[in-house]
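Next up, some structures in structure tokens.
One chain, chain A, links the two complexes that follow: it is found with chain B in the first and with chain C in the second.
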Partner chain A sequence: MQVFDIFLLEAVVNGILLGGILALLALGLNLVFGVIDVVWICYAELIMLGMYAVYYGHNVFGWPLWLALVFGVAVVAVLGALLHQFVIRPVLAAEPINQLLVTGGVLFFLQAVATLAFGIEFKNIGIRLPQLSVGEMYLSVARLIAFLVALAGMIGMYLFLTRSYLGTAIRAISQDRAIMPLMGVNPNRIFLITSALGGGLAGLAACLLVLQYDIHPAIGLTFGPITFMVCVMGGLGNMIGGFIAAFIFAQFISVGGFFLHIEWGYVIAFVFFIGMMFWRPQGILGSK
Partner chain B sequence: MLKLSNVSAGYGSFQALFDTSLEVNAGETVAVIGPNGAGKTTLLRVISRLIDASAGEMTMEARSLNTVPSHEVIAYGIAHVPENRRLFPRLSVEDNLRMGAYVPSARANFAERLERVYALFPRMKERRKQLAGTLSGGEQQMCAIGRALMSGPKLLLLDEPSAGLAPVVVQAIFEVVRKMSAEGYTVLIVEQNVQQVLKVADRAYLLETGRIKLSGRADELRENDAIKKSYLGL
Partner chain C sequence: MQIKLRHCMRIGIAALALAGMATMAQAQSKEIKIGVIFDYTGPFAAGGSQAAAIGTKIAIDMINEKGGVEGFKIKPIYADAQSKAEIAINEATRLLEQEKVDLIMGVYSSAHCVPLAQKVDAAKKFMWANVCVASSVFKGKNLTHVFRAQVHSDQFGEASCSFLNEHAKARLKKDPKDLKVAIIHEDGPYGSGVASGNEAVCKKYGMQVVLKEGYAATSPDLSSLVTKLRRARADVILHTGYNPDITLFWRQAREQGLKWAALIGHGAGYGQFDKLSAAFGKEAEYIYNVDPVAAQLLDPKTLKPGLGDLTQEMVKRYKAESKATVVPPHTSMGFNQSWIFFTDVLPRAIKKYGGYDPEALRKASLETDIPVGGTIQGYGVKFFPPGNEMAGQNERSSPVVMQYQGGHTKIVWPTAIKTADPLLPIPKSSAYSNQ
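Presenting the complex of A and B:
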């Protein structure tokens, strides 16, 4: 038996890189659920719109890439706030099933709007980053950037939540919403800011994905299910659990794909997910 | 400082507070006593604007509170320690105190007030990194009072701070209230422990079934026959 397999190592490293972006994808959804207790079923469609925003900024308006990327984050942050104000807020007190149906409705609405507005043909921003050879391994620069930015985004979010007044309020409101006014905090404002942050994280994910994938109105279906699985496996609303689950999932996909075929990697990840749901339905670190 | 004139309030169609008038002057410690369900918590909630007054007038330092949003009441110098402490259980003691200093005007004084709270409650300093949910009942009450003090209030509303605590801890809590009175804080305290609260208060109101039945100086009420019989078990 071979002790050291360079291709296996490459698969593991690629899995770690994939884990970074999955963790970032899960973070925004977990933040919103953890604080507001509503699942944005349309989360991946916000990412899709963010990808279009970058494309329009860079390729249609001709802006420099950095500006288009900032624009992408800003657009989705605003969309997150609008989603809260006009869709979530009216159903905050409603049954969870109704909240799911409403945000599910937004999913189809956004897909339809994107199809009408942008057409169904695939678009890409025309930037293809090279492969990097490290020793005998080949790594995608786009994935490496995605990993590093996702990591930086998560560290930034962690510091924000633990070190700032606003971040502390965001953690506090999920524990006792009714007494927040006694602290001088307007709960609606915190919810709105949290939604904008969740949207901003989705926008950041969009910026990283647009470097690797073509854009089309149904691209959300590529990231949505896996994001939800990562969140559920980590314990919905548990940001640290989501982080761990993202890296476990990514290894199943990457290493599983290495031994069999990339599609099988996803199958193994799904089977693992289903098994986990029997064993620990509340998720790795979840309590609900 | 705080003045309520003929205030009524309730929950939906249920009226819990009838025509209540009450006054707290600067520097005073005023108690509201009364049995379970009398409307004491409702009274404090109305003052903090967590529920609306259906009638009557409320003013803080001559400024009307009637239509102030609940999250702006703190800017009038009112801090409310709610019933059952209501700490954020999965935040550390220090983060709970930080939440008390959330309003921008309080943030600037955070470090200085934190020292004052730690001086008042040395236990909180020892436990500052501990999650609030893991504190003992008495420590939680101290943390909740500390959190309210972090906003630098002129008036402190305390809702049954001694409820559910062991006798020796009850003593410690009333000692804290006495200390705050001595330091010049203005306090409106709601209590069922009539014996103890009448020892620390300057004046008191007796609230029964949503109505003020009696009011007067605390030492006088201690000698009042009805209060002696119903609340002091004498």
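Presenting the complex of A and C:
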């Protein structure tokens, strides 16, 4: 086998594009954890509901795609806020394990609700994006868009958190939850806004995944575990760390899968993850 | 004397009462409890499990409408494996130990079937597998109380390669030894079993197996596999998967410019043409599928009299219950296996072996001898005997190769029962054509 050929380059580029998807998935989860200190185990299920929202908007209600996408983001943003208000807020002071169990319960609840409400059939919005070929190399336009949106989402979040009053308040409360109420900031309001933002980012991920995957109640299982691993490897709550970890992870999967069996790509990625947990348990950019 | 008479009368009344109670108890127990396990939720449900479950339910309903089996009503207890092996095993345990069912029936996924069959057999209970196909369920396991009339995965693997061998020269203008074949599969017992069959038989015909690779059915990305397939420049891709991995593969193959002369799928998600067509439109055309045949595609004249009507009834009821317009092969699999059990094995067990305990069912199964043409799916039934490497598996089962042409499913192999000629290589109009 020729080691350096156009197909290897294609695998590298595909890895970068896959990294974009993983980065986008990790963005909202990291935001929520970084500010509220609670892990949404049901995060991928919120994305699943967002995908259904887009499908119903576009294919059932007959809306134009852009409106269905906006609807998808809005639905998951509202769900994020509701999740915080009715599930997370009552257990904010509880032990972390209890918080995990509660959001884990929501995961199964949402899967069951989706099965009952939408059925078991695989759904698809039926949109085919054109191929993009560069010489002998082919790239997925849907993934290219996901990559660019992830990049824009990352920059947008950075600017929002550093340049806006609300963003500053969010960062402040993530640094010291106890002192901020003394300075007139209402933590519950900030948490609610952060949850809606986290939900909105999950909705954004849903809008891009719906272009590439079938929708079914168990789709969250495809992304949930890998999203958590990316977040933990980057440093839970650290958005830049999650962004970097997503691309490292994706390269192991893509290039590892190219040189060896595709399953080995995942094995190498997981071994690297375990090694990282020994070396830097706080993650790539996490603080001890 | 009077006291003695009264005493005798009391004993007589008590005896009558007891006899009456016993009769009532017997009347109440004139039913056979069957634990039916399928995936009603999770990704396997839409991949064929629910269609098979409905087929099984239709068979049970029809048997009960006819008065049951030898006077015994069939009482099904349906359990959802949720597309998870551990749930399937837990449900089987619950059905056997708490619900006290007389046997286990159903099971869609081979990943569930392999551990379940061993568990049920070890407990000396009885299991009748309806849909799962992995040869590894039986191969070398010496199972004594598990039986399967369904086709097994080695036969899937053999069918696609035999089909290619038969048509390579005439249609692909290539000698079989010059034909490049790539084998990709989900890495569970089902996919691995079919892939092993593919590899062994394609190599036997001298074909070049340029890639053989498994992947997890839940994998979020198959792009590196598609890249490798493009590099391998295979003429034909043999694919075994569930769903949604099949649709993910198709989508990424399309995005990355993968082309082929033929893509041959092997059951599961590939048997759900209506769903593939809904997701991919015309791109689902010309795909091949190896599966036990959907009964309604067979000419009823080739079957035992009456089976054509039975198939029509099954189709009518399935469409009414599922609101679907297309009846997938899985419906036939669920119905056919159940029907064989209720009309051949169970009556013999009750009449000849005095009941329906696991031993009676085992003995009755071993005496099953249905000739070819004796079931709605065409194949006959006779189980490999104890001591055989595949003991418990039907030795007369056989799959067919189908192709989706013009929105319809056509049988293209075996040539003796084909309903259309194969379009091989696939027409240039297909987005996947390598012409």
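To be clear about the criterion, the second predicted complex is superposed on the first by the 282 of 288 C-alpha atoms of A that agree within 3 Å, B and C clash if a C-alpha of one lies under 4 Å from a C-alpha of the other, contacts with A are read in each partner's own complex, and residues count from 1 in each chain.
The criterion applied here is as follows: contacts are C-beta pairs under 8 Å (C-beta built on N, C-alpha and C of every residue); 3 or more make two chains touch, one makes a residue touch a chain.
Because the structure is a prediction, the values reported are computed rather than measured.
Because the two structures share chain A, they can be overlaid on it, and in that overlay chain B and chain C fit beside each other without clashing.
With both structures placed on the common chain, the touch criterion links A:V134 to neither chain B nor chain C. After superposition on chain A, the vertex angle at the CA centre of chain A, spanning the CA centres of chain B and chain C, is 150 degrees to the nearest 10. When the two complexes are overlaid on their common chain A, residue A:F122 makes contact with chain C while staying clear of chain B.
In the superposition on chain A, contact is made by A:A172 with chain B only, not with chain C.
Of the two partner chains placed by the overlay, neither chain B nor chain C lies in contact with A:I155. In the superposition on chain A, A:A142 contacts chain C only, with no contact to chain B. Look at A:P181: by the touch rule set out above, it reaches chain B but stays clear of chain C.
In the superposition on chain A, A:L221 makes contact with chain C only, while chain B stays out of contact range.
After overlaying the two complexes on the shared chain, residue contacts for A:V113 are found with neither chain B nor chain C. Chain A is touched at more residues by one of its partners, and among chain B and chain C that partner is C. Taken over all C-alpha pairs, chain B and chain C come no nearer than 37 Å in the superposed arrangement. On chain A, the surface touched by chain B in one complex and the surface touched by chain C in the other have no residue in common.
By the touch criterion given at the top, residues 5, 7, 10-11, 14, 18, 21, 115, 120-122, 124, 126, 128-129, 131, 133, 138-143, 212-214, 216-219, 221-223, 226, 253-255, 257-258, 261-263, 265-266 of chain A touch chain C in their complex. Chain A meets chain B in the complex at residues 165, 168-169, 171-172, 175-176, 178-187.
Touching chain A in their complex are the following residues of chain B: 48-50, 69-75, 79-80, 82, 86, 88-91, 95, 98-103, 106-107, 147, 151. Residues 40-43, 45-46, 50, 83, 187, 213-216, 218-225, 227-228, 230-231, 243-244, 247-248, 251-252, 254-257, 275, 278-279, 281 of chain C are the ones that touch chain A when the two sit in their complex.
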